[in-house]
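Next up is a structure, given as structure tokens.
Going by the order they are written in, the chains are A, B, C and D; count residues from 1 in each one.
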Amino acid sequence: MRTSSTLRDCLIALVIFALLAALPIVWPSRGMSDFVIRLAAFGIFATSLNLLVGYAGLESFGHGLFFGLGAYSFGLAMQRLGTSIPAALALTVLLSVVVAGIVGAICVRLKEIYFAFLTLAFQMLLHSLIIAWTPLTGGDQGLTGGVPRPPFLGISLDQPYHLYLFSAGLLVACLLLMRHIVQSPFGYTLRLIRDNPARATSLGINVWGMRLAAFIIAGAFGSIGGVVMSLFVSGAFPDFAYWTISGEAIFMIMLGGTTLFLGPVAGAVMLLMLNDVVTKLTEHYGLVLGLIILLFALGLRKGLADYLAELWQERSAARGAMQLPAAPFAEPSNKLSGE
Amino acid sequence: MSKRRNNRRSRREVLSGAVAAAAVGSFPFVSRAQNKPIKIGMPTIQSGRAAMVGSSSRNGCLLEIEKFNAAGGLGGRMVELVARDTKGKPEEAARLSRELVNSDGCEILFDSESSAGAFAIHEVAKDLGVVVMHMNSETSALTADPKLRIPNAFRAARQGIHDSIAAGSYAGKIAKAKGLKKWLSCSPDYAYGRDSTQLFLEYLKHFQPDVEVVGEAWPKLYQPDYTDALTKILQIKPQAMYSCLWGGDLTAFIDQSAIYNLFAQMEVFTINVADYTILTAVKNLPKGIHSGNRYLSTFPNTEANAKWAAEYRAKFNEFPINWSWENATGAKFVLEGLKKAGSTEAKKLSDAIRGMTIESPFGADGTLTMRAEDQTLVNYATGWGQTIPTEPFMPEVTPVDWQVIYELETAWKKKNNYI
Amino acid sequence: MDLPALANCVTSLSCIVTQSTSGLIIGMLLFLVAAGVSLIFGVLKIINFAHGSFYMLGAYLVLTVYGLSDSFLLAVITAALGVAVFGLLFERLIISRVYGSQVLMQLLVCYGVILILDDLVKIIWGPEFKSLGMPAAFRKPPYLVGGGVVPVYYLFLIVLTLLIALALGLAITRTRFGKIVRAVAINPGMASALGINTGYVYAGVFMLGGLLAGLAGALAAPVRSIVSGMGLSVVVESFIVTVIGGMGSVAGALVGSLLIGLVRSFGTIGFPLFTEGLMFLLMAVVLVLKPSGLFGREG
Amino acid sequence: MLLIENLSKSFGGVLAISEVSLNFTPGSLTAVIGPNGAGKTTFFNLIMGTLLPDRGRILLGGENIAGLSTPAIVRRGIARAFQIASIFPSLTVREALLAAVNAQRQQHARLLARFPLAASRHRAEEIMHMVGLATKANMISRSLSHGDQKLLDIALALVLEPRVLLLDEPTAGMGPEERWHMIDTVQRLWQREKMTLVFIEHDMDIVFKIAQSIAVLSYGRVLAEGTPAAIRRHPAVIEAYLGSEYAAGRA
């Protein structure tokens, strides 16, 4: 029965990918495909952050470190080494794993706010490094001159549709993998640690080691988000490593909710749409967005997806059904979702 | 306007925003246009510290576009400017440029972003093949580097290398006359600051070999406090200082230098003081700062220039600034190009603009040229002078000879293997 | 990197004097902001990311009032009080509603407020940067101290801030309010058990924080460019200070501010291109060695 | 099984536990009683390694475990449940137990497998039945009743298959109904699992109903120990703690 739930996830993923692949054919709009590409970048990134925030209970302010690292190492690999795209991708993930290993080993010892600030510090160190190391990174101008996109396995990312498919594919694949990880025994061990580290220790769990593992995994996926972004803008910019990127990811998971697996993706969709619509309608982007944020934070006090999921739970509970919402990807809400 | 509006629901907020945008973005004549308007997309910075870029850039363009439309547009087709806020984020600049072309049906792009944004938009233009006019980026490589060059991208801004040569030749003369040997630089710590400074010193030495650089300070971009840099400068006690700080950083730097009485202790050469943003913002502007002109209604001292400035002030009730004239120029080139090509088709339009020379109040000799070889603006009025605390702020401006600029620019390109 | 230059400097007295004073000056304004951030965190365990906007409001208020009244003193006082009131409203109407929800949610709220204020400021005062200009009283040639120069205004700034720091320290250790604040900081539950209305304390702390930040903005106005978004770099630095000094500790905020000031002033000599990196490096080191900061209580 | 010798612990000069020596024989069911502040919970914390003893030995099957870390002691077969239930609020009863079983079997770091592991399910269900939470398997722990949360806490301890189980006031804060339900469960567990069970309890009816032997702590010292009958008659205990009504023959 359980293996079938893995199967179910795979099938859902396949269907979603098929739908995404078909979308441009029924609705041929460059604007729409650009949106999906950006959604891929931020969807992967935000979900990877939620591995830490939502599942491991590690509130990181510095996850942008890996977004920037991904974008730059991929861009540089393509520009300087002239490798193939899959090779550059593999290289990027490898590098992120190493960096996450080192940074994480230092960070995860600290608790709550101190962890948050230390991660932020490391991200800003990378940012300063990018700015200062002009010969390699192009400093504040970013990686200019475009990221070459040589064809591989018959895929040529110079063609818009191919780039679209590639990004959508990465999105679905990464989500599927992360979904599997949070549903693995390891994923549930993270939940134990998130809920009650002391009790987890008394069950003989090495809390530090598990947290580090989570940090590394999240970092690796986060960097893939950066890769997609660098493909979209065909370059990389210091902004990608600035704390505001972490801020946007945080905004996304708060907007969408931390307790449903797809909450962060929902948040990414909402924030990107908000951004696109509001910038279109008014010059006073900050004013409008700010008010919307307050409306959310003070009104719902939790992510939209969480809010709906809890309504759903209450309704089904009222119906006397004792089991969890059968909705796919449903997660028991954790202590983080406000109170 | 909107203090009360805050408390209302955000949906209304968006709506009223929409109204505001309609008022700002699209202009009366658009509705009167019989045929489909020619839409020009303008990704620019309208929020945050650099919001000035957005307003002055858009105003500069509007002036030209209004004239064009008033004169009947392109065979009845009116031009409509669609400005969007990139918030200074390169990825937003890329995203918006694509959206403007792909979704909003813009046929031309005015890049009124900062340097980093300019490169992002440049990539989009390479990808989509639309004509893009870079309005504000002064980074030389953008047009000088053949690896970056594409047939449909032009630059209507002054260029770093030109400024440096101009500054070097002027500073060289002064250095010779006043015997200024010990020089120091204090520039913002990012690409523009570093390139500009390094090139300036290079050309200073070219024009006046026996100067030595005794120190350098690199404050961060947007750094609020320059005390650390200032005390360092006062430690070294140079005879002259060069700085290419700009905008709010420059005013803060001037205010803070003033209380250290710095301007009395050395000759100060700045590229960016002679622009009305600075000249009008700084209270009790120190006397005798050497500066290149960014925009002055008195230089070139022609009727056309004074008239343009007056129009601008009348319409937007603010001083025109460097970005204003650069954008006005870029817009003019594109609009003239449209007339000449009689079409918005990218290939035709680019061919029309490439190498074009137009009448302009900002030209060294009343004309401006979009140089064919590297598709960048040349022959704009550029000169140096010294400040006084009150209008006209810089009474005498010595123009720099473009022949000198051309020679040294070519040498510089050779050195960088650009040609 | 330019280590020889740094070596030269630390071996020359006048350079040490000048750079130290400059470090002092940079640190002082920073302290006024950081102290508020630190207190608010110490008492409410809230990271007031919007504190930089308090600072910005202070600067704009001074700009307006000084423009109208032409009295710098009056302008500074109104700015400080005005922002204090704003701090109160901010706490009552907004932050108090997210007590107890997770840190990231609180951060989000602050972010929203920042966005709104930055835009409002732009709408009210315009997008272009403003400059106040030095009040006539301070337009005097700088003093010479031990081979280094110190402008009159900065001298005034240093003395004033040190006095404020002293007063603040005393207020926290001596007065009833201070005792209550510390009680609440250590254990809110116990405090309310003692019949202390924690609500008032929280509001009070925010007012105090606002007062200080507003003052900082006001005092910075004559020497810094006033523009929408000016609060950001300041708030980021003051968080570095807070972390280094220890959250909730006024002394820590003071020492941290001076430390950052010194890193900046000597950093520009030794590592011209990496001073910002240095600050974050320092923060990282402190967090690793003593997470609670130099003056922070463990736990 | 568990032998305590001259165990002492003081906090800032105040003796919390002094010279305590007790012997818990295999399969015994012992109640630790005493007025508040007698040092009962401190006694447990010392055994679990949550606190380090100043003096004395704690012998588990002959091995001195005094000074070992909590996980080390847990691995040697001592587990505890807490006065205030220590559970995983956002997981369901089943999820929590399945995850705990994974941990106990060193399967908790597996990435490729899918949760729950077939191997763990049987054990988890078994434990849920043992403590009587089977019907509430899908409830989120946070939403369980106070009593059930304490049962879950005990269940989490049972997962570790302990030889010695320490229960800190299993019935604290329960109504009479819950109370006796809890006690029945505890007693059943003890009989079934054949483990050495030590529990702290204030309710004398319960103590005298189920305990085989009783240890009375007072001011950190062992005031008395022995069978319920012996304790009931122990003058010092009566005078210090029980009050006369217990002596006035209930039996």
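Everything that follows uses one rule, which is that a contact is a pair of C-beta atoms (placed from the backbone, for glycine too) under 8 Å apart; a residue touches a chain by one contact, two chains touch by 3 or more.
Everything numeric here is computed off the predicted structure, so don't read it as measured data.
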Mutual neighbours - chains that touch chain B and chain D alike: A
Whole-Å gap separating chain A and chain B, where each centre is the average of the chain's CA atoms: 37
Centre-of-Cα separation between chain C and chain A, whole angstrom: 33
Computed distance of Cα centres, chain D from chain C, in Å: 52
Multi-partner residues of chain A (each touching 2 or more other chains): 131, 284-287, 291-292
Numbers and ranges of chain B residues touching at least 2 other chains: 2, 6, 46-47, 54, 189
Shared interface positions of chain D, touching two or more other chains: none
Chain contact topology (line, ring, star, complete or other): other
Chain pairs in mutual contact under the definition given at the outset: A-B, A-C, A-D, B-C
Touching residues on chain B, where the partner in the complex is chain A: 2, 6, 9-10, 13-14, 17-18, 20-21, 24, 46-47, 54, 84-85, 87, 89-92, 94-96, 98-99, 102-103, 115-116, 119-120, 122-123, 126-127, 139, 141, 145, 147-148, 189-191, 194, 221
Contacting residues of chain A [partner chain C, same complex]: 53, 59, 61, 106, 110-114, 116-118, 121-122, 124-125, 128-129, 131-132, 243, 247, 250-251, 253-254, 284-287, 289-294, 296-298, 301-302, 336-339
Contacting residues of chain A [partner chain B, same complex]: 29-31, 34, 38, 131, 134, 138-142, 144-146, 229, 232-235, 237-240, 276-288, 291-292, 295
Chain A contact footprint on chain D (complex, rising order): 70-71, 74-75, 79-80, 86-92, 95-96, 98-100, 102-104, 107-118, 138-140, 156, 159-160
Chain C residues touching chain B - in the complex, by the definition given at the top: 9, 14-15, 18-19, 21-23, 25-26, 29, 116, 118-120, 122-123, 127-134, 138-139, 141-142, 148-149, 151-154, 220, 222-225, 227-230, 233-234, 264-265, 267-269, 272-273, 275-276
